[in-house]
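Structures for review follow.
Shared between the two complexes below is subunit A, which has subunit B as its partner in the first and subunit C in the second.
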Partner chain A sequence: MSARRRDLGPLAAGALPLLFLGVLFLFPVLRLLLTSVEGGSLAAFEKAATDALYVGVLIDTVKLSLIVAAICLALAYPVAYFLATASRLWAAIGFGCLLLPFWTSILVRTYAWTIVLGRNGLVNRLLLDLGIATGPVPLLNNEIGVVVGMVHVLLPYMVFPIYAVMLRIDRDLAAAAEGLGATPWRVFTRVYFPLTLPGAFAGSVLVFVIALGFFITPAILGGGRVITIGLLIEQQVRQFLDWPFAAALSALLLAAALLIQGTFQRVLRGEARWH
Partner chain B sequence: MGRQRRRDGRTLGQVGDREIARAAEAAAAKRDALAPAPLLVIAGVERRFADRRTPGVAALAGVDLAIQSGEFLTLLGPSGSGKTTLLKVVAGFEPPDKGSVALAGRDITALAPAKRNIGMVFQNYALFPHMSAAANIAFPLAMRGIPRDSIRDKVSSVLALVGLSGYGERLPRQLSGGQQQRVALARAIVFDPTLLLLDEPFGALDRKLRAQMQAEVKSLQRRLGITTLFVTHDQEEALVLSDRIAVMNAGRIAQIGAAEHLYRRPASRFVAEFVGEANLFRGRAGVIAGPAPARTVEVKLESGAAMRASLAPGDRAVHYGADLALVVRPERPRRLIAGAAFENQVAGTVAEATYLGETVRYRVTLEGGGEIVLRWPAEGERLSPGTRLELGWPASDMTAVLWA
Partner chain C sequence: MALRRKRPSLQRRAVYAVAGAVFAFLLLPLAVILPVSFTSADYLAFPPPGFSLRWYEAYFADPLWIAATLRSLAIAGAVTVLATALGTLLAYSIVRGRYPGRAVVSQIATAPLAVPTIVYSIAVYGLFSTLKLVGHWHGIALAHTVHALPFVVLIMGAALRTVDPAQEQAAMGLGASRFGAILRVTLPQLRPALVSSAFLAFISSFDELVIAMFLSGADMTLPKKMFDNIQMEIEPTVAAVAMIQIALAAVVLTLAARFGSGAKVLN
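Moving on, here comes the complex of A and B:
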């Protein structure tokens, strides 16, 4: 009796949200994916996989996402380390800085970068005034702008998994290593860093997968010169009304995300089960 | 040096009865003439808690301690007594605010932990979870730049020493608690450390395994002759393992000595109650008589009765009229048979009898208030609750210390 009740409780509580998600999200997504094979033809997928133009966009998107993930990793690791080791006050300040952008619209944040990175923007002014550059450096409407904007948005997604892993590392391990004769650098390279790798993996995959489907930032900061899968899908729908092809691209994107997530989860489980 | 010798002499001089004291003094004199300087000398170490919320509270309030080479010394005390802090000061993880630590004649107070050549087994073992048992043990050797071939040989011989041959490739999580502890121990001794520190390493083990590991650690320590500083709050464990025990309380060493010495001649009420079970009587000091070191004090109890107890040799704190605690261990009182007489006598009724295997523990309610606990061999005559009995013990079986 009680066991059955316990089983039904969560279901009852979750029924409404599940219904909501099912009707308003899952159904449309499935409907869209079905569009890609409309009429029993795989022509849309063939087009995406063989046309050099579209394959190029896929490759560019993957490259862009890899670069963004790598830069995020390089920036996030020290930040996470700071948060994991700082005093309570400094950690609170750090988290504030990290979370503040979350309460700001992504549109506002992205447009803010156009001001900072523009021809007469903050960065170019500084470069010119310091005599580092002789003319305005193009930072907008190209890959640099897109990367900067995406890193800015995605950084927290990298910081948190690393931070979480760092928090779980037993502080005695570093002390033990030191007591056994390790220099601070070796404590880091031989003990601390290897133990944080699962977090770094998790963050990298998360950022990479989210970056693959990015739309707003490349649209605004890329100025039409940086085309990602997300932009390509939007273009196919809005300009060419080619729903089957847009659906095929969406299906590929989703499949890639799921595949990476699935593969990685197994890797993570294998690596992180030290305790 | 001279100061050190005096301290040692005094410590040994406190051992119980007159003959023991005399023999100890002779032994101490002989040892002082022959023995090298102590391996570890902790002098005047003070350390305040790092926690800002409790400023001024001392974790260590002036600790002096000297450990001889090859000795197994235990820091015994309740949690918060400063024993772990002292261990961390020795290991180098916490700098002392005042005082100095010298190892093998070298001042290491400001030396980095990595350069102290001290092996430590942590409470939770602190094995590196991403390294195999063998890699964990190889770590200190690799850090010392020892060639790979000799590392391999050394690791396999140490694995054999702790009985883990064939387990080298396992990760810590694939090992049982006892095996993990052996790995931690192997890792701490593989590089021939000058000193071995053990921070409550048996706490996580079940009772049977604990006893087994204690025996193994002790025999290993003897065989290797490795000087060991051991921290525990478990007095039984301290009695089993140690050459000497330093009882810590409130950031100070309350008393230091061999287990039997602490048990028979506690220097304070704290030590009497913390080490073993103690029956306490409170009273005022009367006449103090007898030649040093085995002086006897007559004490007037609160109940009006009089008792006689021994003073610890060298105890100069007890004076006429002092507020005293009289300590008698539960196995000391004897049942009075007609005709026998002791300096201290009480009568009471058995309130409770508990069978403990080798011994039976009796709780006796005394006539005139209070109670006394007895621990007698189980083979003898067994008393049932309600039995009235008279008890007696000589002054030499009772120690008087200041109540405060």
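Moving on, here comes the complex of A and C:
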């Protein structure tokens, strides 16, 4: 038997799963996208781009995602630094604290936040007891609750890429800078921090893109007062049966996600091996 | 390493303090839900006024909760088998294949990761509405399999790359069929990755809400029933259910860490 014979085994192995993905993934998604231009009309996209109500939702979603990404970055950086520099035991404990909630379902965690942030919740009780507030502070059914819940879910996605970059930084660099007379603060701002930027960048893009399509957290913690594009899509399909409009919104969300990911793929591929 | 000898600087201790606060923030929801699930009160209150098992009893006594749990277990079981089998075949095709268009196949295999879940949910809801598959657990299992497939392909693909194809060829040279060679030589070396893939597929389906929300109809999955309860009433049964769900996930992940290739692959 000639070893050079064309080997078709792997091709055949891929046929069934590809057929599965074709029928149950590619076909429905393409079908949905085509619905947005039903009858050759761009009316659905026009509605999304001109109606002030819907433009507002799109802008709010982008704003919310930016705020969440910024807070995640600020909180994840010290955590990643801790994981990258603490002793092995402490790093393991830190990873436990990070992964335990990471593996708990988003629904359960979001539900827990309703207990913490509610009118008679933990935070409000604390504020009242300490005399900081005179009445219950609204933390639920508004942006505050949604931001807290989303940051909690997305934080690990920010920590992993930053941590991965920090691990690869040569410790001798900091020592060299110190040996040359730099203060610890200067070593950090001029040597360490710039080297971690690719990880921070990759994490921010990842968190921002995932945040754009979020659904469960705004649905529960927003209490109907915070409308994101994900909630709008669901509402259009289930309440108004406006498939072309829901499809147009889906097309916009998908295009934004793919465009952002595609643009930064070089950074993501090079620096973030965690995704 | 010589740096380590020094006492941590003030700045470093400040950074560690912030990290500690963030860890507390991360653990807070879990720390709250545990005592609430054992509350004796009829309402959500923290800290609970007293201890009782009544909400666990309420869960086990309610046939609707049990039916939802069994339905979710059945779906997750089907997804585990389907996604692991299909994903392993696809990973084998991508890693070992030498056919043109392999790069495209690889792109398609991980594409479900790039599509926001809400978008895929209404896409598959649209298709299944016309096929009259909405409300059947089979439909949810199929959609969840699409959702889980990329994880299996990534894990199995990474593992397959570490196995030398020459071993398969050697086995075939000694008279084994290709299928026999894969079954006896390659697959045993992939066992840890297979276990990790299977557990990940199971958890991803068991916890999934958005797809199930659109596809489940009156016969709800566990997450869908929890979601409806959270939206409608504020009573602590959900906290007990949440604890049961966490416990189950912990068992599955511990098993995965014990028998699988561990948490390394999962990230």
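The criterion applied here is as follows: the second predicted complex is superposed on the first by the 245 of 275 C-alpha atoms of A that agree within 3 Å, B and C clash if a C-alpha of one lies under 4 Å from a C-alpha of the other, contacts with A are read in each partner's own complex, and residues count from 1 in each chain.
The criterion applied here is as follows: contacts are C-beta pairs under 8 Å (C-beta built on N, C-alpha and C of every residue); 3 or more make two chains touch, one makes a residue touch a chain.
Values in this document were obtained by computation on a predicted structure and should not be read as measured data.
Visitor: Based on the superposed arrangement, let me know which partner A:A182 touches: subunit B (first), subunit C (second), both, or neither?
Guide: After superposition on chain A, A:A182 lies in contact with subunit B alone.
Visitor: Does subunit C touch more residues of subunit A than subunit B does, or is it the other way round?
Guide: Greater contact footprint in residues on subunit A: C.
Visitor: With both complexes overlaid on chain A, does A:T35 touch subunit B (first), subunit C (second), both or neither?
Guide: Touch status of A:T35: second partner only.
Visitor: Please work out whether A:I216 is in contact with subunit B alone, subunit C alone, both, or neither, and reply first, second, both or neither.
Guide: second
Visitor: So, A:L24: does it touch subunit B (first), subunit C (second), both, or neither?
Guide: After superposing on A, A:L24 lies in contact with subunit C but is clear of subunit B.
Visitor: Would you sort A:R88 into first (subunit B), second (subunit C), both or neither based on which partner it touches?
Guide: neither
Visitor: Counting contacts the way the document defines them, which residues of subunit A are shared by the two interfaces, the one with subunit B and the one with subunit C?
Guide: Residues 175, 274 of subunit A touch both subunit B and subunit C.
Visitor: State the interface residues of subunit C toward subunit A in the complex, per the touch definition above.
Guide: Going through subunit C, the ones touching subunit A are 1-3, 9, 11-12, 15-16, 18-20, 22-23, 25-30, 32-33, 36, 44-46, 86-87, 89-90, 92-99, 105, 108-109, 111-112, 114-120, 122-127, 142-143, 145-146, 149, 178, 203, 207, 209-210, 214, 223, 226-227, 230-231, 234, 238-239, 242, 245-246, 249-250, 253, 263, 267.
Visitor: Residues of subunit B touching subunit A in their complex?
Guide: Contacts found on subunit B: 91-93, 112-120, 122-124, 126, 128-130, 139-140, 143-144, 171-173, 187, 191.
Visitor: If we count contacts the way the header does, which residues on subunit A are in touch with subunit C in the complex?
Guide: By the definition above, subunit A touches subunit C via 7-11, 13-14, 16-18, 20-21, 24-29, 31-32, 35, 75-76, 78-79, 81-82, 85-86, 94, 97-101, 103-116, 118, 120-122, 125, 152, 155, 160, 171, 174-175, 184-185, 188, 212-213, 215-216, 220, 230, 233-234, 237, 243, 246-247, 250, 253-254, 257-258, 261, 274.
Visitor: With touch defined as at the start, can you tell me which subunit A residues reach subunit B in the complex?
Guide: Those in contact with subunit B are residues 170, 172-173, 175-183, 186, 190-191, 194-195, 273-275.
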